[in-house]
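Each of the two complexes below includes chain A, the first together with chain B, the second together with chain C.
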Partner chain A sequence: MVKTSSVTKLKKQENYIGYLFASPWLIGLIVLGIFPIFMSLYFSFTNYNMISAPTWVGFTNYRILFTNDDLFWKSLGNTVYHVMIAVPLGIIVGIALALLLNSKVKGMSIYRTMFYLPNVVSVVAMTLLWLWLFQPNFGLINQLLSPFYKLFNLEPLGWYLDQNMSKMTLILMGLWTAGGSMVIYLAQMQDIPVTLYESAEIDGAGWFKKTIHITLPLMTPSIFFNFIMGLIGSFQVFTIAYIMTNGGPSRSTYYYAYYLFDKMMNDNAMGMASAMAWILLVMVLIVTIVALRLNKFVFYLGEET
Partner chain B sequence: MEATVVKIKYKSRKRRRLITAIILHIVLIACSFVFVFPFLWMLFTALKTPAELLQGIQVFFPQTPQWGNFLLAMQRIPFFLYLKNSLIVVVLVVIGTVFSATTAAYAFAKLRWKGRDKWFIVMLATMMLPIQVILIPTYVMYNWVGWLGTRLPLIVPAFFGGGAAFYIFLTRQFFLGVPKELTESAIIDGANHFQIFIKIMLPLSKPAITTVALFTFMGAWNDYFGPLIFLSNPDHWTLALGLRSFQTQYGGQYNLMMAASILIMLPTLIMFFFAQKTFIEGIKFTGIKG
Partner chain C sequence: MKKIIISLCLVLLGVFFIGCDGGTSDRVIIDFWHMSPVGSESFSATKQIINEFNESQELYTVKGTGFGFWDYWDKIAVAISSKTAPDIGFSTIDDVPIRAEAGVLYNISDLIDADPDGIDIEELYQSQLDFATYEGDLYALPFTATTRVLYYNLDMFAEVGLTEADVPTTWEELHTVAKQLDVDEDGVIQQLGFDPTYGNATYHGYLWQCGLDFFDDDLNPTLNTQKHIDVLQWMIDFNSEYTRNQLVAFGDANAMLGINVFAGERVAMIVEVDGLYQIIQNAGATFNYGVTSIPLPDEDGVRVNWGSGFSVELYDNRKNEEDQKAGAWEFLKYLMSKEVQKEFSTANGWLMAHQEAMEEVAEGNAIMTRLLEEVAYARDKRYVPYAPSWHGNDWQPYYNQALNRELTAEQALAAARANYLQKKENWEATH
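This part shows the complex of A and B:
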């Protein structure tokens, strides 16, 4: 009897101590996370410039954005374009690099280090570097391409100065950091049991067949992870455009997060900016849920035997 | 007769393998070139004169390396002020994140408390939240308490687990690997959870804590968006903001701009070279376990 009561006392104590240890993070989560989410929902139904108190306007902000704001649609279109190209391209390049390194090649870890290197660099420094590389007149890339331009009688590409190329330029620059996801793919590839490949070899499968039927299916968890994280990140693309193009030319790289930033920092339109943030949240949520539905195509090694 | 056929087959197989290996290396070297050469070009550019810049690849290497460009770049902006500001923010963010990540990880890994598993899922979900949704209200809140224009909005959240979800997860996995017997025998010896945490868990978890510290350092050092929003006072600007102001003021002077960019990249590059393994292991961890 005495014993059980001391056990419950210990359990109660552990409960308190658990909350105590979690409390720095937990307080942060509530004050700087959960509460602000609801606050921004409230703001999204108000006019608020941070000077006078917020005034309730109902759905006006949302209505203006959807029906009477060309820039909203323009920036949303730019962002969707960016997401639809950058995410799949990033996955393909990441997997391709990992497949190259997975072939028991000598010096694998040296190559891996070199491929990963761009990921440790500040985004500002990276963007300035590529601004110089893509510089149409004196930049390295057009200089290297100039023989091709001459051969086919082409005008040199304008890259970030050409409104039809600017988004693609930013996407190409983003591929420079594909080594980050490559490390994840490679790690998962190397976890695949050798016996699977050996039995496939006995059945006469070559490299291509092994890749299609063993490697890629068993990599779906990390592909899925990078897909979701890539989607969420790409929907928020901002800094590279802010530094490389200022959203131009002709607003061709004026992304959703950029417009939101301007609403918030330049116009002090906190209500409108909050409405945009909530629209973004809902979009990301929908895309994530749809992607999670695709989860049934994901193949977990532990489960299939 | 049969033996020679086998021999020839063996030889041709060996040769084919050699050829694939050579092709593979050629492809890999070409890829490495794409990833590494921009860094070298950055250095060449930083060491050129303005006249050499205009000649593109006609002048591939700088004729006489202009090492003075680095000094010039440091004089164009208050470099050491920005360096000091960066260090203040980065050091405090690293300390804060290690503190909040390890304490929360201990609660999730070694203690039983009500709602623990539900909070754990909430923590994982926070990783997916677009930052803008909480940015605007926190900006407004910092305005209320008079923190706008100070460094506090960048530093204080770190002590309360701001942006630490992944690090909590990583440290928790590490703590789970610490044998139960160790902590239980400590309890029998009369130790309380604070003593166990400080005297057993933290010393045993040096690899995990190093990983957290390294990643946080890199994230805070390279961060541009946070300082852009919160550091309105130029006296508080970090190097990332300084580099951007360099661009807006001296945009055409690519040699100096590259010199300044190299200076800001150097600490993270050096760190990466010395702690490569920790990095790669940490990255692998994100993908596989996550």
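This part shows the complex of A and C:
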């Protein structure tokens, strides 16, 4: 009995010490994470201008957003468009780069570094750089394309200044950082056992068949990971539009997160902005849960089938 | 060895405590937030002004904290919200009532009543004082003033045989003179006489000149009259011989390099804020230029320009900090004194709120004198609680669609009005 009691005491002591060591992180989580999350939920049911005390308005903020706010739907539509194109395109470009950089060419590490480099550039710097490149009148891209425009007698593209092109311009710009996902694809590609390729070669498979039947299926875990992360990230698109287009032209790049920011900073409507944040959270959760159902198509190497 | 380390630690501890004392242990620390961070051109002068105050004091020490202009607004908003605002700081003057109503500002009128010789209110512009007034009492003081004027390049005028006597005073004259100053080669703009969308010209500024506004006295959006449409149409058509793309590209070419299109000698006339004078001075420009009132729509037009300015406010964090309040008031009196206002103007190139101080700064300077004259006609935008950014984010998309001819002037104004009405309805539902 005495022995058991001292073991329990020791266990308790160990637990206390464990909590003590974990306390910096736990305090950070509670104070900087959980507390603001619940406060924002409370604010979403209030009218709060960030100066006066919040006043309870119940579900009014949510009702207004869903039933009487044209910009809410406009910004949501813009965001969904961005998600639907940027996420698959990002995956395709990332995989294409990984396939290219998986070959045994001299100086490959230099190429890999070059493609990854844009990921270490700050988003602000990147956006300012592309602002110059895409400038319709004197930007480098239109200068390079000018022979093409002349040949086909076309008007130079307006890129981010054209409301029909602006969303696509931001998506194309985002592809510059596809090197980030490329690294993950590349790592997974190098995990694929060489024996699989060898046996396929014996059966007469070429590069294309090996890619379709071995490489891509075995890359589905990383494709799935990048897909989920891309979905979550794309719903929050903000910085590139804030810097490059100010949400324009004609609100064509006025994304959900941008409208949320404006509600908070320009309209002093923290309550409404908090409601938007919670709606976004629920939307992303639903989309992610639906997306997770695709997990059945993911092939995990080494798993029993 | 152990003894040496312990001795060293004790010495360092002693130095630390002496450092903390700083010779001001019995003084009340007053926090002052400003917009001259370390590294900015005005940092040294601002620090000098603060140091001079501290040297003159036995009771208070002002601790200045500078933030960049664009960072400042978020910082002060969050600080006010979290009751950690500085004792004294700058803000925007048009929305003083919202802070006064929330009880986060000390009543300046009460402080003036208790210390009538502290600040000479007569030296401040009444129009600015009106904005800082809530329920009959002052809750802030205007610290700076802003005005918008027409800048004109006399060298460009001379090239086409025009003189200062030809500087336009009406919109019709403006158009006639501007067209004489346009230069293009094979359809590519080389020089532009004037464009009503360049610089700091605004649609609401032109509306004010016509006796119109975005909102009526009850803050209902107007914008739906033929006169509103006509003003916007005038702006759209002013340079109708060029496409919007050409005009934007011509303006952008300089703006992206951070060069003002007038300072870069690309346009002959522009509506700009008083700050452009300082920019031209700092750039060491050698061309001849002048400033005048913005041309009026016609003889019946209203002489008015959009002016604003920073307010200086004493923040009440609701912690009964009477010593801080008294110290902040002392510092406010110092900031609003003629000599300090002159120092700020010289250091930052700002137009300050103190009229006599500015008259002395502007003495012998024709441009400054003219800018000061226009301050008397400056008017700030109204604070619209349901659309605080009515002139910015709320209006710009419709404005740009009209300029790009994606919508007619009438359609753009109707769409903008519908947006304001929806915002108003939604605001009322939550207040």
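Just so it is clear, the second predicted complex is superposed on the first by the 297 of 305 C-alpha atoms of A that agree within 3 Å, B and C clash if a C-alpha of one lies under 4 Å from a C-alpha of the other, contacts with A are read in each partner's own complex, and residues count from 1 in each chain.
Heads up, the rule we're going with is that contacts are C-beta pairs under 8 Å (C-beta built on N, C-alpha and C of every residue); 3 or more make two chains touch, one makes a residue touch a chain.
Because the structure is a prediction, the values reported are computed rather than measured.
Asks: Using the superposition on chain A, tell me whether chain B and chain C clash or fit.
Replies: Aligned on chain A, chain B and chain C clash with each other.
Asks: Quick one: is A:265 in contact with chain B, with chain C, with both, or with neither? Answer first, second, both or neither.
Replies: A:265 sits against chain B and chain C alike.
Asks: A:60 contacts which: chain B (first), chain C (second), both, neither?
Replies: A:60 contacts chain C only, not chain B.
Asks: Should A:50 be classified as contacting the first partner (chain B), the second (chain C), both, or neither?
Replies: The answer is both, since A:50 touches chain B and chain C.
Asks: Which touches a greater number of chain A residues, chain B or chain C?
Replies: With both complexes superposed on chain A, more residues of chain A are touched by B.
Asks: For A:284, select first, second, both or neither according to whether it touches chain B, chain C, the two together, or no partner.
Replies: first
Asks: When the two structures are overlaid on chain A, which partner does A:248 contact: first (chain B), second (chain C), both, or neither?
Replies: Second partner only, chain C.
Asks: With the two structures laid over each other on chain A, which partner does A:114 touch: chain B (first), chain C (second), both, or neither?
Replies: So A:114 only meets chain B here.
Asks: For A:138, is the partner it touches chain B (first), chain C (second), both, or none of the two (neither)?
Replies: both
Asks: Is A:11 touching the first partner chain B, the second partner chain C, both, or neither of them?
Replies: first
Asks: Give the stretch of chain C that clashes with chain B in the superposition, choosing among 26-34, 44-52, 62-70 or 170-178.
Replies: That would be 62-70, the one stretch with clashes.
Asks: Enumerate the residues of chain A that count as touching chain B in its complex and touching chain C in the other.
Replies: Shared contact residues on chain A (touching chain B in one complex, chain C in the other): 50, 132, 135, 137-138, 265.
Asks: What part of chain A is in contact with chain B in the complex they form?
Replies: 11, 14-29, 31-33, 35-37, 39-40, 43, 48, 50, 97, 100-101, 103, 105, 111-118, 120-125, 128-130, 132-133, 135, 137-140, 143-144, 176, 179-181, 183-185, 187-188, 191, 221-222, 225-226, 228, 232, 235-236, 238-239, 243, 257, 260, 264-265, 270, 273-274, 276-278, 280-281, 284, 288
Asks: State the interface residues of chain A toward chain C in the complex, per the touch definition above.
Replies: Result: residues 47, 49-52, 57, 60-61, 64, 68-71, 131-132, 135-138, 158, 161, 163, 246-251, 254, 262, 265-268, 271-272 of chain A touch chain C.
Asks: Name, in rising order, each residue of chain B that touches chain A in their complex.
Replies: 21, 24-25, 27-28, 31-32, 34-36, 38-39, 41-42, 45, 53-57, 99-101, 103-104, 106-108, 111-114, 116, 119, 122-123, 126, 128-141, 143, 157, 159-162, 164, 168, 193, 197, 218, 221-222, 224-225, 229, 240, 243-244, 247, 254, 257-258, 261-262, 264-265, 268-269, 271-272, 276, 279-280, 283-284, 286-288, 290
Asks: Okay, in this complex, where on chain C does chain A touch?
Replies: For this pair, the touching residues of chain C are 74, 77-78, 80-81, 98-99, 101-104, 245, 248-249, 252-253, 256, 386-389, 392-393, 396-397, 400-401, 404, 406, 419, 422-423, 425-426, 429-431.
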